């Protein structure tokens, strides 16, 4: 579309409908890709064939509902992340029709099933019970973004055989998302078992010297498995986004 | 190969050439994938069709040269990372025949050209002149790992037009490695311009409040572009490894 | 005024109305600029032709209202910062007549419009929706301090075209305040686009590795754009104060 | 110049010398402000009427000399920062004609005197003897950037009368740069004495709990004087740049 | 008292009332100074002629009241620190007769006035309004510990003249306690104005880069005034204890 | 058990009941020690002859009760750690029959008394009153894990004689758990008095520069007594587990 | 011995050879366990039946040699830790007769073989080649302290099968010392495979976000395996000391 | 002296030798205490009857020698701190006549013996051999500042009896300086044994988790003995200064 606008402008110059100085000014202002009044995230998402995403944490339900309704009016799907139960219910009262995934803290306005366009399996692996909300966010977002997803939960490194028992499943994945708190060692072990890219998500699970996820974060960044890359603490959404882009290649 | 050893063992049981208790003991010891006396990294690498890699930093040249010669004797390629000029020369005296890339601090023992097996372009983007060694490591490793690689250097965010002028090149990449020190903002900007996975590498370039790369690292982890994942500070090698695995999908 | 007091004292010495030893003692005690019982902030503000400012956070409404009424009785304007809705309402009940800006968390007791004495445009630029309260504080304070102010919101670096589309507006500013959380990259990009001083405000927006605004703060301090200076996390008021002083030059 | 290139392109379209599709491609690639092969910093500096600046730290003398000679060939001035005595001498052997300021660690290739274009006095205030190199960098850069500069040294807060004795000089400044290590308290005191913008520079001077300048940095960011903004630790150059832009308003 | 117990034991050995082995065992167990079942803090305090002190934070009112009543039954005074209003009231219901100082968060069970035994003036100096609770704790404890105490409040370094106006008062002090949050610069300035020991108390007042008092703490530790020593963040009690011991010398 | 499964598989191969390829696949999947669907912690605990342990913090009472009932149905004991009073009561309503230790924050479902299998005394030493909950957790867990346990409380290093008076008790211990907050110095002193292993537990007790237990943690890690090893902040359970394993040797 | 001194003193009191006041004074001064002029560490070690240990780092060779010769003159063994090759050689020149272990950085003056008094196997497990010096220190010290020791090297978690292949060896150990740098995940995995106490040693191996061993340290402290306790970074000696005490139980 | 200057000025006003406006200007500029061109530290020291002190670290020997000679010319004593052997020798060549204390890293230009003016004993207590340089600095400075000083070395808390054996010496002190690295526990123990003020000096001795003295610093700040105050890491000089001022009371 932007290329069209650019072409139109150049044609008007060619047809001498547009003065050179004026064209100059317009070109200096013209965004290459975006339209002036659109919200950036929407358009970045649209370019990538993904639904709009609203980061819900700390936003009042009224604001979230307003964005949701605007998207719906435009005929677009929208995914809201990081909504607690109370917020979700308040949004649903104002903008009915969404599906609420309480564990993953997501609200989804769109078709019940997203068609699978990712080429292979996205496997989400999580270490402990307490990491499940982040793993659930990663799984649910990856599904909504058009991937086939499996979840392998509760396979922390202190009971390594349980993970090894699933090594066939590990090897079937095209991309892996590994979620762990505390010492965050799981991505290193998983990374050594597969020859696929591993997106590691540290969680804020733990206490004391875990310092809100810092221990897991540093552990993943210094992983001795070099096929591991890392996203922010508790950022299941970001991991799913990266994995989606990889899985579409 | 390991599967072959396993099959051979089972056949000996089947042929009753091997006592059950002895087989039991051997199986308990037998690595599924590895051979007993080999180094883990080698075999992981071999499984992935990649050359052996030796992390050179802090290792004495004698040790590096020994590993290199062992690999050569086995008819295998080997890549040595993080070698300063003095170390590189000392290794080359002991194990001749390697190619030395001084900027990337690499030694390569193998064919002059690696066949390209990655499916698309790996684009390495770097922010400032001082980030070049890390960008060079990422580029050279990605090339040795069988990727077509381009380097887009010196496009820091404080001169954003220079980056935008290369937006066509950005869009041609299948995977991007973005290298930046100081505030580490480049991956956020690049991540917003492309719909491909971005592997971000913070560098220790900077002074004062950069705290040895911490500022860049935190900046990349909290990037507002959610298609960005991060590796350790100065870890050009790790970024190239992740990008290689992605580019082979 | 203080100079007057000093002159008076010296004249009394000259007229021998004041004993030398007594004068000596008075001079040792005499503040150069301040009067003994006045509150420092008030007088510093008065010297600069600015209204009194009360930092409201953590102060009980009774105390705030008391200060406000004292100022009003003295015929002076007063601005209260960092007041939540509940505190604002409690203050207004005790000290009616103030204007409440809920988003900026400000209470203003003074004329509806402040005359513009700043010489040019103060442009407040903010990255994301969640940074708006801090940007609003900066904008509103800058207005109350006598500047022409514009707000350019929602132009995060992950959608760089949106910012570039406003480059004319950026170039019209005499001073810029740039507000951003998460990786805090916006001041670097803006700083590269203008040749004016940029006052950067990191916000505590973000989670995980943002560590309460630390990531943004370090990013701004290590900015590769050298026309950027930084104030404390979430300190929209301080940025407005600095920008006001610059804009009066 | 860039506007000229843009105009030329548009004129070729108007004269139908250039095909629409080709123009489209060229425009997509064309930087708005920059030329394709130029280094960003140069051009940003040029736009602002300032000499080119090369950050010398960690760069080999050969590289610095090469950049210097390129600038000289283009008839441009160049300032090199952060060069130790050895590096400075090595650069001067390769690129003669520069003036070396050992205390400020600067090399200057340009006219002996820079014409003063800044409107008022830039006053550089420093706390202790050990802060002098950073204060000297700030002073010398501010002079080379066309400001009238005075240096008020050795006025640490533990001997407050010495600072107060210079209060007339403080009040004459249009912009102040305040340099301090250890607890970094000087900008707070100076900020309370003037009604002008104060650019604070923490230094890495100190030991133990100064943690390489962190104590001073945090102290300046949390200053109780709200007319203070802060640049990176030891960043005398950045402070001079910000002060220059303010002083030209 | 303990020496008495020791003497009694030795006398019983001398009088052969006590078997050697039994004496041996008793001596091995006998605390030099303490009695076996007494609480350590009590006795340390008693040795120093100070009332018992109970640190109240986080302790349930029942427990505090129990300790208070036990002290009262033993005819001893007791001071409870860090009690919020609710806790204070709950303790007073269970252990009536105490005096509650709400600002200093103290409960005092003892005589209305403590006789002054300290030799000179303990001057408590505080920077801002928000530092008052800590300054009040230091003042009240120092008074209960038998010192003549004055409080000089609201003399932050950003309005330095106000502090200087009180320089006579500063010079009258025998020991000074200086309380400040944010950048914590006040002890450096005060330390330069007096030739007496200065006990600095950082407070957790501030936001953002004050990091809960860390900025003030580091600032005080790296003070350029070398007659300053530091206690823990918000530790008004500790400062009063140290000042008391100094003032009794 | 697993060895049995392995033997059974090999016997089926030997009897040619199992095809080689199928055996190969099963072996690749077969865990050495664990059964595929079991929860890791349970089995690790069972192997060690210890009851199942559920970490209760942050878990909803429904989930805890479910796990408890499952264990009870399987005829197994279960210990729940880190349960506040409200949670404990909610769990007990859903899963009656447990013993609640409020100070130690434990729920225990099992026999009233655990038989002592540890060979000697586990002595738990704690510094201050506020460290008691962690010391109580360590004591109670060590008891439930079959140790004879004594608790020596309130022997902080600022009243060293009280600790020395208990030196006979210290010397009777086979393993010591030392619990301390604030500066965490107690393990160093205790470690110097005994020739037995000391497991140190830092607690989050303290304020200001204790930074949530960091001061105590660092102090214990850098202890000048080299018979000290450390567990996570507030981790009374972990200390009891380590001490139990030592005491069974 | 000290008990003997105490008995002698009491007997002199009983025999009235010693005045009561003088006895009182002597008792007040008398150490329970130590002799007045002896060095503490020596005596602590002697009490535990271990050789004297000198921490060599940062000590001049002259000082080390002096202590060694003093020990030798007293007929005692002595172990010197943390000596680089140059220091070791300088000490050996001054105090001949020691055995130098270059990898473990130890000097040993004593019998060639230490008799084994530990009851079982101390197994030292290390992750990577670069961790070997610390593992070697732990192994050699444990041997000198009278343990049977085995070293299982190069079994990092990214190649988990290699570790599992050694699970029989793991299960034979009575105590395990696990040494790892980078993410420090190895103790968690080992801890899950054994039911014995695991002493974890983080190393400073790594770069960037390993922050000198902090990542490994935090990872080990937050280990999900609760039979793990931790010593200081690179503290192979301390781990060996703790393991020795455990192995003697 | 300054008071004299002030009196002279007032007398000239009284005698009408000085115009009112001129007097006004002079008074505005006049330092109360200081002379315009003198260095602050000198005069602060002089006011306190102490010799001039030059902090030598990082200063070139030429500069130090220059200051020394200036002091000598003025007939004043001078103490130089933090000078390594090489620097000391270089200074002595340029400014002969100083006494060099290599362990304390001090140079002293003044009388061989300083008269004792402090009222009691300053006792310096140090934990380990490696803390001796800092303890030596504290001792030597306290002596030069006119105190009777004793040093009690090598009494770390892991051998607590050695410290207790010196308890009589501890009780004789009027002020105590306690120097310790690693976990920094010694001030807590000493603080509990005496009823005098304790000035604690953390040292940078240690490795790993001591983080350059941070562990000791935090430990001392959170000391459970409330008669402890703290100076910067390795700041033996500052501790001696504070102790001197206390000991003169």
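Quick notes on this structure:
Chains: A, B, C, D, E, F, G and H, in written order; residue numbering restarts at 1 for each.
Quick note on the criterion: contacts are C-beta pairs under 8 Å (C-beta built on N, C-alpha and C of every residue); 3 or more make two chains touch, one makes a residue touch a chain.
On a predicted model such as this, the values are computed, not experimentally measured, just so you know.
In summary, the chains found to touch both chain C and chain G are A, B, E, H. Of all chains, the one whose CA centroid is most distant from that of chain C is G.
With centres computed as the average of Cα coordinates, no chain lies farther from chain A than H.
The interface with the greater number of C-beta contacts, when A-B is set against D-E, is D-E.
Mostly differing positions are employed by chain D and chain H in their mutual contact, as under half of the interface residue numbers are shared between these two copies. Rounded to the nearest 5, the angle that brings the Cα atoms of chain B onto chain G is 90°. In this assembly, the C-alpha centroid of chain C lies 25 Å from the C-alpha centroid of chain D.
Centroids built from CA atoms put chain G at 40 Å from chain E. Inter-chain spacing, taken between the CA centroids of chain A and chain F, is 38 Å. Shown for chain E are the residues that touch two or more other chains, namely 28, 32, 40, 44, 156, 158-159, 164, 167, 192, 208-210, 217, 221-222, 232-233, 235.
Working note: touching chain pairs come out as A-B, A-C, A-D, A-F, A-G, B-C, B-D, B-F, B-G, C-D, C-E, C-H, D-E, D-H, E-F, E-G, E-H, F-G, F-H, G-H. Interface residues of chain F, counted against chain H in their complex, comprise 127-128, 156-160, 164, 182-185, 188-189, 191-193, 206, 208-211, 214-225. The touching residues of chain B, when paired with chain G in their complex, are 28-34, 36, 39-41, 43-44, 57-59, 63, 202, 204, 212-213, 217, 232-235.
Only residues 3, 6-7, 10-11, 13-14, 16, 20, 23-24, 27-28, 32 of chain H touch chain C when the two sit together in their complex. Put simply, chain D touches chain H in their complex at residues 129-130, 154-156, 158-159, 161-162, 164-165, 167-168, 207-210. On chain F, the positions that touch chain G within their shared complex are 32-33, 40, 44, 47-48, 53, 119-120, 164, 167, 174-175, 192, 195-197, 199, 217, 221-222, 226-233, 235, 237-239, 241-242, 245-247, 249.
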